[in-house]
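I have a structure I would like to understand better, so I am pasting it below and will then ask my questions one at a time.
Letters A, B and C mark the chains as written, and numbering starts fresh at 1 in each.
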C-alpha cells in the first residue's frame, strides 16, 4: 500500500534519487516522456506503456524508445529548459515520431528507418521549442503533439516522392468495410453476449492507437500505466474512446476502422486533456471533455478526408485542433478553472489544490506539491 | 414615411419593446442574426431575407431558421455576452450553417439533417467565441463567417466518408460550361435586348447565393431587406456582385457558374464589409471595397481549385480571406477610418458620426446612437 | 580596387546620388528589389541577376523587370514607407511574381500575361504590407517571400479553372526520372571526371532556380551579383545548394529534378537568410544555416506532395516555412545574435558591428553605417 502510494502522481522523491546517476536520470526523463504522450509525468506509466507497445510489436516498442531518447538528448544538447526535459516535455513528441515512423516506414529494424526516427525525433524537439515560443506567450496554450504531427507528416510527405524510404503512405487499413454496428456485431453470431467483448476490444484499441498500437492488450497496459499516475486520467481515456465510437456510429463511419480504435484515439487525448489536466475537473469541465472528445472524432474523419488525396495519415492532428479550440475558451467560460501551464501535475492534485482557495502551492523542479 | 423611418437602421426602440416578451426577444435576436450575414442588425432585414429564401426553396428557408435559432440558443445557454446575442452576432453563422447543410445534405426535411443543422449550428457558436478571443484582442479583426465555414466544412468532410449522412460533396453544379460571355449571351437569340435581363439575373443571383439561394427573386428580397436597414450596403452588394462577374470574365471563368451567381456572392460580402461597415465610407474606402471584391472573386476560384480534390464547396472562405487581409491594413492607410468593432451600426450612421469630429457617440446595448 | 570597394555592401553614396534624378531613383530601387530576393540591398547585384535571367530566357528577364517595377510603383502610389521602398523591400516579391508567371503562363510576351504580371505584382505589394503588420510587431519576423507565394498561387489556382489564362499548372518538369546518383552520373560515361561538371551544374542551377532560371550560367551570374554585395552570402548560397542536393540523395529524390536545381533553391535562400543576414554569422549560426537548408529541402519535397493533387508549383513556400521556424527560435538559443530587422545590411557589416560591443551603429535611410 505504501509502495503503491510511492508510484502515485509525479513520483518526485524518486525523481530526485534518479538524478544521482546520469544514466538513471536520462532513463527517468525518457520514461516520463513516454508517459507525457497521455499527459502523465510518471516513469512507471512510461514503462508500462513501452511494455504494451512491445507486446503489440517489438519494432513499435523499440522505435518509440529510440524516438524518445533522441528527442530528449537533442533537448539536452540544445541546452533547453532542464525542468521541462526532466518532466518529459521534450520527449513525448519524439516517442510518437518513433511510433509513427515504425508504422509507416518499411521494413522494420531497417538502418535507414532507425536513422529517420533519430533525425525526425530530434527535429521534433526543435519544433517543440519553436511552437512553445509561438503559442505560450501569446495565447497561453501548449503545442500539444503538433511537433510530432508536423515533423512526421513533413518527412513522410517528402519521402513519399523519393526512392530512399518508400513509406507506406496509403494507410495499411482497408478502405472498404461495413457500418460500425455491423462490424461490432459481426462477432455476435452466438448471441448478444459477444457484443460486450467486441465493444471492450474497440474501446481498448482506441487507447492503444494513441501510440499507433492496434492491440487491446497494449490499450490495457496504457490504461494501467495511466492509472498508476492518475485514476481520473485513466477514466477519461476510456470515456474518450467511447465518445469516439459513438460519433463513428452517428456519422455512419467505417466499422472496421472503428473496431480497430481509429475513431477513438484522438478523442482519448481530448478527454484526458480537458477532463482534469488543463482544466480542474468539475461538472462543467467534465461536460467540456465529452464535447471536446466528440469534436476530436468529427475532426479525425474530416482530417482524413482532407488528407485522402495525398494518402497521408492524420495522426493526432484532430486532437490538436479540437483541444486547442477548447483551451482557447478558457477565459470565456465562467467557472471553468484553467490550470496554468507551469503548475500542471495530475488531475487529482489540481482538484486538491484548487479546493483550498487562497493557498498557493509550493512547487519544485517537477512541479510537485511540497 | 414615419413608419419607414421606424424600420431604418438598427431599430433600437423596437428592440427595447421586443424585450418585454421572451419569445419576441428571441425572435428579434434570431431575425437580426439572419440580417447580420450581410452585416445588417435589423429584424425586418432578416424577415425579408427568410421570405426570399423560402420562395427559392422551403427547405432552405426552414433550415436557415433552424440554424439561427440553434446558434442563438446555444449562446444563451453558454451565457455569452448578451449585447452580442441581441444584435445577432452569435446567430449569423448558425443561419449559414442551416443554409449550407440544406444545400449539401439530402434528402430535405430529413430528421437526421435537422439534427445535423442543430448540432453544427450550436457548435458554430462555440467556434465564434473561440475565434473572437483569438482575433479581436490580438489583431482587432472579427472572425466574420469563419465559424460557419470551419464548422460546416469539418462536418461535411467528416460525413463524406461515412454512411450516416452521405452529403452531396460534389457540388451539384455542372463543371462543364461555356465562357461567361457565351452563357450570358445565350438568352440573346432575339437580340441585344435580352442581355440586360441575363446580366440582372446574374447580379441578383450573386446576392442570393450569399445564402446559397440560386434565385434572382431571393436576391431581390435580400437586397430589399438590406435597403431597409442601409441603402449604402444594398448598393455595395450590387457593386460587389458586378465586380465578381467582371473578374469571372477576366479569368475566363465558367459561364454557367457566373450566371448562377457563384462568382458574385463572396464579392458581395467583401464590398459591403469594406464599403461602409468596417471602414467609414469615403472615396478611398470605396476604391478598397472594389479591390477587395475583386480579390474575393479571385480567391473564390482559387479556393475552388484547392478544394477540388476532395470535392467540398468553398462556401465563403474567399470572402473571409480577402476581407481579413484588407481589414489588417487598417492602421497602414492614411485616411481610411476604421470603425471600432464595438461601434459598428450602419454605414450611414458611421458617416454621420465620423463627420462631426470630436463628438463621441453615446451607445446603448445595440450600439445605436442616442 | 577603389572602384570595386564602391560597389561593396549597400552602396549608400551611390544611392544618394541616384536620388537626384527620379528615373534613376526608381531604377535604383527596382534593381535593389531584384537583389533583395537574395537579401542583397545592392543595385549592381540586381543588374547582374537580371542579365543572368535574360541570358537564360529573354521573357524571364523582362517579366521579372516588369514585376519589380509594378510592385515598387504600387508601393509608391500607396505611400508606403519610403526607406523600405528605396531598399527594394517592396520590390522583391514583385520580381518573383514576374519570374513565376513568366514560367507558368503561356505564351511568352502575351499582352494578357503582361497584364497579369503587373496586377499580381502590384497586389503582392499590398500583401507585403499586410503580412508585415501581422508578423513584425507580434513575432518580430519578416514575411520573406510569402507575399509572392500567396499572390501567385492564388492567381494560378484561380486561373487554372478558367479559359482566360490557362496556366501550365502541371509543372513542365518530367515526373519520371532516375535516382539522384544515376542522373548526376549519367554524363559520366567517359569516367569520373565528368562528375564534377555535373555536380557544378546542379549546384549553379540550384542558385538560378531561386529566380526560376533553369540555367547554370544564370546561377553563376546570380552568385557573382551576390558576391559584389557580400562574399559571405554568395558562399552560403553555394552551401545551401549543396545541402539541398545532399538531402535529395538521402531521400532518394528524383535525379532529373535534382540536376535541374529544384532541390536546391529553397535551401539556397534558407542558408543565406540564417547564415549571416538575420543572425550574425558565427559558428553556431553557421550550423543553424546548414540545418535550415536541410529542413528547406525536406519541406520542398513535402510541399510538392501536398500540392500534387492540384498540380500547382510549391515556389518558395518551403524556404518561408523553414526559415520562419528557425527565426522564431532566435530568443531561445544562447549565443545566437539576431540582427534587428531595421538594422539589416550585409552579413559582413553585421559581423563588424557586433564584434565591437557597446557601440550602436548610426543608420541612414538605407540602413548603412555612417
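By our rule, a residue touches a chain if its C-beta (ideal position, glycine included) is under 8 Å from a C-beta of that chain, and two chains touch if they have at least 3 such contacts.
The model shown is predicted, which means the values in this text are computed figures rather than measured ones.
Engineer: Based on which chains are in contact, what kind of graph results: line, ring, star, complete or other?
Structural biologist: Contact pattern: complete, every chain touching every other.
Engineer: On Cα atoms, by how many degrees is chain A rotated relative to chain B, nearest 5?
Structural biologist: Roughly 120 degrees of rotation.
Engineer: Between chain A and chain C, two touching copies, which fits better, same or different residues at the interface, with half of the numbers shared as the threshold?
Structural biologist: different
Engineer: Compute the distance, rounded to whole Å, between the mean C-alpha positions of chain A and chain C.
Structural biologist: 40
Engineer: For chain C, what residues touch not just one other chain but two or more?
Structural biologist: 138, 309
Engineer: Touching residues of chain B toward chain C in the complex: what are they?
Structural biologist: Residues 138-139, 179, 248-254, 295, 298-306, 308-309, 325, 328-329, 331-334 of chain B touch chain C in their complex.
Engineer: Give every residue of chain A touching chain C within the complex, in rising order.
Structural biologist: So the residues of chain A in touch with chain C come to 78-80, 123, 126-127, 129-130, 133-134, 138, 153-155, 157-165, 309-310, 312.
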